[in-house]
Every structure is written in C-alpha cells, then in structure tokens.
C-alpha cells in the first residue's frame, strides 16, 4: 500500500492495480519536480526522509483516511534521493465506488503528507542546495480537516 | 485537449503529456465500469452521446474551469460504445503549479461533466439493457460550484 | 418553417427514431409549444412529452429552456438527463 | 539514562552529525529539558535549539511535544517542519 523508493513508478500500473469489480472512481495525485522556486530556477531536488518513521507516518495518514471515507484501495508512493525537473516525486491514488470519497480522501492524504510525513526537500539552484521552507498554506490546508 | 473515442487510453501517457517545467501537481480522475447497480450485477455498459454537442459541451466545461483556477493543462477523454467491467470510461487530468487548484478543477470538471455533458449510459444486467437514471447526488454536487 | 428534431438514449429507443425533419406552419415557436405539438402525436409521444418526464432540450447544441424560441433551420434535440462519466 | 539522538535535513547538515548516543544523569526528562541541554552546548547547537527555530521532535518515531517525557533507550529525533510531497 505504501512505498518509499528511489525508482520511478508507472501511474497506469498503479491505477490498474486498484481496479476491482466495485471500483467506480480512482483519483490520483502526482507531484512533480517544478522549475520555479521563490529564489531562482530549480534544476533538481534531493529528498531526505526518516526511514524508521516515514512509513509509519504514512500508514497512519492512510488509516485516518480509511476511517473517514469508504475506500476500496489506497496507494502511496514517495520517491527519495536526487530527482530532476519534471520527475515524479509522489503518487497518491485512491479508489472508491463513487467519486466524492476518492477526491476528498486523496486531497486529505496529500494535505497530511505535506505537513506530517518526515520528508525534507532540498532544491538545487545554480548547483547550490537550499533546504525548502515549510509553507504556511500547507498548514492552512491541513487544518480544514479537523 | 478533449477526446471522445471508442479506444482505451493510457493514464501514464496522458499525465506525462501534461508535464511541463512549471507543473508541480497533476490530479486525475478515472471512472470505471462498476459491477454494482441498484437492481443487479452489471456485466457491461453502452455509452451513447450527441456527436455535434458533446465536444462543445466539454470545451465549455473546461473553459469555465480555466477561468476559475490557474491551470497549466487539462485533458479530458470520454469513451463511447460498449465497455465491460473495470474498463476505463473517462479520464479528467488537470495540471497546475500547486495541488489545490488541480484538485478543485478536476472535481469541478467531473461534477459538470456528470450533469451537463450529453452522454447516456445503458447498463447490461443478465443480458438486458437498462438506461441509467440520473443521480440526485450529481445535481447536488454541481450546485456547490455556483 | 422546417427544423430538424433529434432524439437520444431512452427517447430514441422508445420513439424508434433518431432524427426527423419537421415542418411547422408558424415561422417561430417556443420549446414549450413544440413539446405540446409532439405530445399531441399521441401514444408514446404523449407519454414522453406531456410534461410527466424530465426532458432536456438543446437548440443548435446549446441547452434550451421552455421559453427558448425555435427558428427555421434549427436542430432541436430531446433527451433525458445525462448519465455519462 | 542513555538515549539515541537523530538529526535530519537542515539540522543534520548544520550540526554535521546524523545521530549520537547521549547519556543524561537523570532517569527521565521532558523534551523541553532536553532541548535546553542541547542548546547549552553552545554555538550552532544554541542557534538551533534555543527556541528561535521551529524544531519538530519525535520520540520513538511518534511526534512529541515540549512536555513529552523521554526515557532510557528512547530514540529522539530533531528536524525542521516537513517539506515532502
């Protein structure tokens, strides 16, 4: 259900794996390495994590989503290490009978992942690494679920 | 941007085509043929549409979404004809810099597609075709955007 | 005036027709008047267009209302609420 | 008691250390007391743990607060707000 890995993933494979006879809706979120940062043009990022805790934290986020919505399947993949522009960083895919649960649960998982899961991003700009600051907006986004 | 077609599609290909240097988030919705209906086990569906109007109607839905949110790309694929269980029916994929616009615009497009785009679904149960009735819930879902 | 009528889904099946050319004496009419004329054909037409069924109407591929007016050469489509996606 | 300290991201880099074994005289302490002891090491330690920086603390891989208590054998991690996804 949850993978933390260096290698890339195929969205189609992951979504196909969630298809079951009762699945009517699959909502997926893919996060990509973006060129634009507040202080220059990003060429790559590096992702650090806390091995012993990150998996646990993601399992907890998914369990919370499963308590709130009737879900038929959840898949979370977060990549780590060095990634260049437009590379896929994260996939959250949620399957349910109807679309509203899938949309809401996917947004919920992303909001929690962004504020609770121990990953840290360093952006490379002109060959120099800068740790990314947490965004105020992410804290606001997560607060809407409480 | 919009395709109405018999053939299946690859979610990965469609999402990859939306990747641009500034794209940070891609939210996609996939609708699948579901086995469970109110009155029995569905084995397949048949989708009818209004060729002259459907494309126009989807273009209008997408234009409305682009006015409301800062989007970097939108892809809508809706299949027509005869489809069996777990086949992909529809894809809505939305790219933006940040995730909230992508999540909201994808949900918005689906809500409008479900209530405004001229497609009609017939479900086959024990070999007999039944036209699907429009859902009250879909009308409620679309009303939240006004 | 002569207009084109189109029928989809359940309507197409029940009427056993997907389109027809339709001529009226008047040079314009409202959607409501057109529905009454179709209902007046009796039997299955009456059951679909007497107001008991939820009918959506599009004129030249744009959604219309009961008071929208129909002109010569228009394509007027009748169909049930949509159920795609 | 002896505990394990772990540092991540900006903290790991600034301190030039990712983990250490740390021994205290007491048999228990709060996160706040631990932060004060680390700040008392001076220089970069002080700049990170004197309360001016946003520090998240996890005890045995669960998020902790200033009043959470630390016991012998615990793994205590210090890191900045998360920025994944």
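The letters A, B, C and D name the chains in turn, as written, and every chain counts its residues from 1.
Criterion: a residue touches a chain if its C-beta (ideal position, glycine included) is under 8 Å from a C-beta of that chain, and two chains touch if they have at least 3 such contacts.
Not measured: the values here are computed from a predicted model.
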item: Target subunit D, source subunit A, minimum contact steps; value: 1
item: Chains in simultaneous contact with subunit B and subunit D; value: A
item: Separation of mean Cα positions, subunit C and subunit B [Å, integer]; value: 26
item: Distance between chain centroids, defined by C-alpha means - subunit A, subunit C (Å); value: 49
item: Averaged-CA centre spacing for the pair subunit B and subunit A, given as whole angstrom; value: 23
item: Inter-chain centre distance, subunit C versus subunit D - centres from mean C-alpha coordinates, in Å; value: 73
item: Multi-chain contact residues (two or more partners), subunit A; value: 31, 110
item: Which chain pairs touch, all of them; value: A-B, A-D, B-C
item: For the subunit A and subunit B complex, residues of the former touching the latter; value: 10-13, 15, 19-32, 34-36, 85-86, 97-100, 102-103, 106-107, 110, 137, 141
item: Contact footprint of subunit A on subunit D as seen in their complex; value: 6, 8-10, 12-13, 54, 58, 61-63, 75, 77, 79-85
item: Subunit A to subunit D touching residues, read off their complex; value: 31, 47-50, 52-53, 56-57, 78, 89-90, 110, 113-122, 131-135
